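Several structures are given next for inspection.
There are two complexes below, and they share chain A, which is joined by chain B in the first and by chain C in the second.
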Partner chain A sequence: MDLFLQQVVSGISIGAIYSLLAVGYALVYSVYNFTNWAFDAFMAFGAFMAFYAISSFFLPFWVAAIISILLAIGMAVSTEKLAYRSLRLRKAPRLFMMISAMGANLAIVNLLNLFFGGQFRRFPVENIGTFSMGQVSVGRMDVLAGIISFGVLGLLWVFLYRTKPGLGIRASSIDILTASLMGINNDAVAFIIFAVTGVLSSVAGIFYGIKYAVYPTMGIVTIKAMIASIVGGLGSLPAAVVGSMLLGILETLVAGYISSTYRDLFSFLFLVIILLFFPNGLMGKSSDEKL
Partner chain B sequence: MSDSIFAMKNVSSEEISLKNLSVQFGGVRAVDNFSMTLYPGELVGLIGPNGAGKTTVFNLITNYIKPTSGEIFFMGKSLLGKSPDEICRMGISRTFQNIRLFPQMTAYENVELGLHNVPHYSLLEAFVRTPRARRAEAETRKRALELLEMVNLKDFAGERASSLPYGLQRRLELARAMATSPTLLLLDEPAAGMNEDECNELVKLIRQIHEHMKYTIIMIEHHMNVVMELCKNSRIYVLNLGSLLAVGSPKEIQTNPQVIKAYLGERKHARYNSNAGSQ
Partner chain C sequence: MGYLNAIIILGGINIIAALGVAIITGYTGLFTIGHAGFMALGGYACAILVTTFHVPFAIALIIGGLFAGLCSFIIGVPAFRSQLRGDYFAIATLGLSEAIRLILNTTYKVVGGAFGFMGMSNLTTVPVVVIAVILALFFAHMFVTSQYGKNCIAISQDEVAAQMMGVNLLRTKLIALFISAFYAGVAGGLMGFYMAYLSPSFFTITRSSDLLAAVVFGGIQSLIGPTITAFVLVAVPELLRVFSEWRLIVYGLLFVIIMLFRPQGLLGYVEMNFAFARRWWNAVFTPHQAKQGTIKGDQ
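Up next, the complex of A and B:
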C-alpha cells in the first residue's frame, strides 16, 4: 500500500508536467488543426536557457525561470512567424504546417546541440529533499512541480474563460474565419497562443530537467504528452490534463510494481487499448468543446 | 484635421461602392463586372437564382475572396487587401446563409465576442480585476444584454447557441452582427428556412433594426415577399450568372421580363408568383 501511494504521488507530479506539454499541443491543435512538432524543441530550449542562467550567470532559480520563460515565449512566437505564418495566410493544408513544424524542431534541437553540446547535464538546483506524509515520503521538488504546473494551467483557464482575449481564442478554436469576421485579429490570436505554448514548454522543460537531465533531445518526452492528449481526446484542454494524469500515474505504477524498463511499453499499450474502445479518446467528442 | 471631419459630415458620400467587380474561379466567372452603390441608411435587396454569385459578392466585400479585377470602396477607403478583422472594425458586419454561430458558446458569449468598442482594459487589469476592468465588464454585459433584448433573446442569454431552435439562432446571428457596431450590415438569406409567420416577424425585426440603428443594409434573400416588403421604398439588384441583370424598385423587378426568364425559363411566365425563387 505504501509503495502504491508513493508511486501515485510521484505519478501526479510527472502527470502535471505531461499536462503542461499536452495542453501546449492541444491549444495549437484546437485552433490550427495541426500538431506543433516544434513544441518539444521549445521545451529543451527553455530548459537550456534556465540551466545556463543558473550555471553561467549564477542567477537565483526564480529569476532564471522567468528569463527562461521569456526567451521560450520569444522562441515560440518567432517560430510561428517564420515557420507557420506564411503557410497559414496562404491557407496551406495542415500537413504542410506539420512538416514545417518538424523542420523547425530539427533546426532548434540541432542549434542547441551545436552551441551547447549534446551531453547530459544535471540541473544546477540543490536537492530540497523530501518530507514524509504518514508512511509515504514525498519529494519537495515533486510537490513544487505539481503546484506550479497546476498553477500555470489554472491561470490559463482563467485567461481562456474569464477574459475578453480568451473569448476570442475560444471563438477562433471553433471557427477561425467567422471569428475574424467578428473583428478578432488572427495574427494576435496566433501570437497569444504561441506565447502561451512558450510558457508551458519552458515550465515543463525546467521541471523535467530537474527530475532527469538537460540535453538537446530531452523534448522526446513530449511523445508521452502526445499519447496523453490522444488518450484524453485530441484538441481538448481538460481532456489533455485528464489523459496526462492517467498516464503519469500508470507509468510510475508500472515502474514501481513491474519494471521501469517496461514503462514505455505500457504507455503505448495503454494508448492502443484506449483507442480500441474510445476511438476519439476518453473525453473526445469530435465536434464538442475544444478548449 | 477639423476641416476634413467637417467635410465628411457635410457631403452625403457613398457608404459603399463596388466598381466593376469580377472574380474568376478557374474558367467560371462567378461575378462579372458587377457595380453597386449604396448611400448611408439605404436598405437594398440582392436577389438572383442559385449560383448567381450573391454570396460571392458578400465574400468579396469582406475580403474572404479577392477580386480578379475591380474595386471596393467603403466610406471612401478601398477595402482591397484589408483583412477580415480590419474590415469588421471599419464597420462592416455580416450574417451567413448557413448559420455560423459559435455553437459551444452561450448566446451571451456569441454577442460579447463582437463588442470591441467598450472601454479598453489590459490583460493584467482583467486578471487583477481593477475598477476600470470591472466597469468595462459591466458595460459589456449591459450592451450584450441590450442587443439580445433587441432580438427578443434576453431570456436565452445563458443557453448554448447550439441548443437554440433554428429561428432563434438566426436572430442570435443578427444580434452578433450588430455587436461589432457596424454601419453596413450584410444579411445573407436571413429568412432561409422560415415559414410565413416567422418571415413576417423577421421583416418587422429587420425594419426596426434598420430604423433604430440607422444601418445601411444589403440583404440577399430568396423569399420574395420578404425582399419586396423590405425594399418597397428602395431598390433591388438582380444577379444572374454573375452579372447584373436588372436594378429597380420591387414593382419594376417583378414585371421585368428578363428577370422572369432568369428565374423560370422562357415559357413559364404564367406560373410566376410572388414566391418564385424560394425553395
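Up next, the complex of A and C:
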C-alpha cells in the first residue's frame, strides 16, 4: 500500500508536467488544427536556457526560469512567424504545416545538439529534500513542480475564460475566419497562442530537466503528452489535463510494480487500447471532419 | 570499388524504404514518422528466418515484409477506425516504432537485445539490390496507377468527398499502410544482410526522419522524385563526411523552406512513365503500315 501511494504521488508530479505539454498541443490544435511538432524543441530549448543561465551566469533559479521563459516565448513566436505564418495565410493543407513544424523541430533540436553537445546534464539546482506524510516520502521539488504547473494552468484558464483576449482565442478556435470578420486580429491571436506555448514548454522543460536530466532530445517525452491528449479527447484543454494525470499515474505504477523499462511500452499500449474501445478518447466528442 | 558498392547498396535500400513512405505519405496523405520500426521488424524477421530456419534469402525477405505489414495493422486498425486526424496517426506510428525498438533492446533471448543480432552472411550484393529496387519501383508504379492507388490519391485530396464517391476509407488506408510497411520490411531485411548484423540503434527516429525527408524533398505524389532524393541523400553525406553534424539541421531548414516556397517538393505530381520508351520502340521497330493501322484502331 505504501508503494502504491508513493507511486501515485510520483505519478501526479509527472502527470502535472505532461498536462502543461498536452495543454500546449491542445491549444494550438484547437485553433489551427495541426500538431505543433516543434513543441518538443521549445521544451528542450527552454530547459537548456535555464540550465546555462544557472551554470554559466550563476543566476538564481527564479531569474533563470524567467529568462528561459522569455527566450522560449521568443523562440516560439519567431518559429510561428518564419515557419507557419505564410502557410497559414495561404490556407495550405495540414500536411504541409506538419512537415514545416517537423522541420523546425529537427533544426532546433540538432542545433542544440551541435552547440551544447548531446550528453546528459544534471540540472544545477540544489536538492531541497523530501518530507514524509505517514509512510510516504514526498520530494519537495515534485510538490513544487505540481503546484507551479497547476498554477500556470490556472492562470491560463483565467486568461482564456475571464478576459477579452481569451474570448477572442476561444472564438477563433470555433471558426477562425468568422472570428476575423468580427474584428479579431488573427495575427494577434497567433502571437498570444504561441507565446503561451513558449511559457508552457519552458516551464515543463525546466521541471522535467530537474526531475531527470537536460539533454537535446529530452523533448521526445512530448510524445507522452500527445498520447495523453488523445486519451483525454482531442482539442479540449480539460480533457488534456485529465488524460495527462491518468497517464502519469498509470505509467508510474507500471514502472514501480513491473519494470521501468516497460514504462514507455505501456503508454503506447494504453493508447492502442483506449483507441480500440473509446475511439474519440475518454472525454472527447465525435472527431469527424467538419464539412 | 567497395566504397562505390556501399553507396549503391545503402542508396538502394533507402530507395525501397522511401518508396514505402511515398505510398503512405505522398499518395495517401498520411504523415508517418515511424517507418524505422517496420524496417526493424522486417529486418529481424528476415534475419531469424535465414539463420535459424534456413529459409532461402528471397523468400525470407518477402516473409519479413509481410510480417512488417501485418504488424502495421496493430496501429492501423485502431488509428483509422477511430478516424484519427492525420497528426495523431503520425504519433501512433512514432509510438509503435519506439515500442518496437524498446522491445528489441530489452529482449536478449531471441534477438540479442542491445548487443544486436549477429550471424548473417553478406547476401546483399549490388545485383540483388538493383533487382530489388527495379521490382520495387515496378510494383509501386503498378499500385499507384491502379484503382487502389487512385482511391489513395482521392483520400489525400479530401476524405469526405472520397467517401461520398464510394471509397472505403478504412480498407484503402489499411492497404496503403500494409504495402508501405511491406516495403520498409524488405528494406530492413536487405540492410541486415548487408551490415551482417542488426542492432536496435539502426532504427531510431533519425532514420524515420531521413525517409520522410526523401519523400518531402522528392515530391508529393511522385515515385521518381523520392527515388532520386533517397539515393542522393545517402550518397551526398557519404561523400561529404565533414558535413555530417550539420546534416539534420540542414534537412530541418530545408523542410521549412520547401514547404514555404515549393510545397509539392522537387518533382511533386511528376509521374514516372515509360510512354517515351514505348514511343521510341514504336518509332524504331514497328513497320509503318502497321503503326498507322494501330492508330486508326485506337481511334
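Just so it is clear, the second predicted complex is superposed on the first by the 285 of 291 C-alpha atoms of A that agree within 3 Å, B and C clash if a C-alpha of one lies under 4 Å from a C-alpha of the other, contacts with A are read in each partner's own complex, and residues count from 1 in each chain.
What we mean here is this: a residue touches a chain if its C-beta (ideal position, glycine included) is under 8 Å from a C-beta of that chain, and two chains touch if they have at least 3 such contacts.
None of the values given here were measured: they were computed from a predicted structure.
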{"item": "Simultaneous placement of chain C and chain B on chain A, clash or fit", "value": "fit"}
{"item": "Partner chain(s) touched by A:Val158 [first = chain B, second = chain C, both, neither]", "value": "first"}
{"item": "Which superposed partner A:Met98 touches (first chain B, second chain C, both, neither)", "value": "second"}
{"item": "Touching partner for A:Pro279 - first (chain B), second (chain C), both, neither", "value": "second"}
{"item": "Touched partner set for A:Thr261, first chain B, second chain C, both or neither", "value": "second"}
{"item": "Vertex chain A; arms to chain B and chain C (CA centroids, nearest 10 degrees)", "value": "90"}
{"item": "More chain A residues in contact [chain B versus chain C]", "value": "C"}
{"item": "Partner chain(s) touched by A:Asn186 [first = chain B, second = chain C, both, neither]", "value": "first"}
{"item": "Which of chain B and chain C A:Ala72 touches, first, second, both or neither", "value": "neither"}
{"item": "Partner chain(s) touched by A:Thr178 [first = chain B, second = chain C, both, neither]", "value": "first"}
{"item": "First, second, both or neither for A:Leu167, with chain B first and chain C second", "value": "first"}
{"item": "CA minimum distance (chain B, chain C), superposed complexes, angstrom", "value": "18"}
{"item": "Shared contact residues on chain A - chain B and chain C", "value": "288-289"}
{"item": "Contacting residues of chain C [partner chain A, same complex]", "value": "25, 29, 31, 33, 74-75, 77-79, 81-88, 90-92, 94-96, 98-99, 102-103, 106, 159-160, 205, 209, 212, 216, 220, 245-246, 248-249, 251-256, 259-260, 263"}
{"item": "Chain A residues touching chain C - in the complex, by the definition given at the top", "value": "29, 33-35, 82-83, 86-87, 92-100, 102-111, 114, 220, 223, 226-227, 230, 234, 261-262, 264-265, 267-269, 271-272, 275-276, 279-280, 287-289, 291"}
{"item": "Complex contact set, residues of chain B against chain A", "value": "62, 64, 83-85, 87-89, 93-94, 96, 100, 102-105, 109, 112-114, 116, 123, 126-127, 140, 176, 179-180"}
{"item": "Complex interface listing, chain A residues touching chain B", "value": "155, 158-159, 162-165, 167-168, 170-171, 174-175, 177-186, 288-290"}
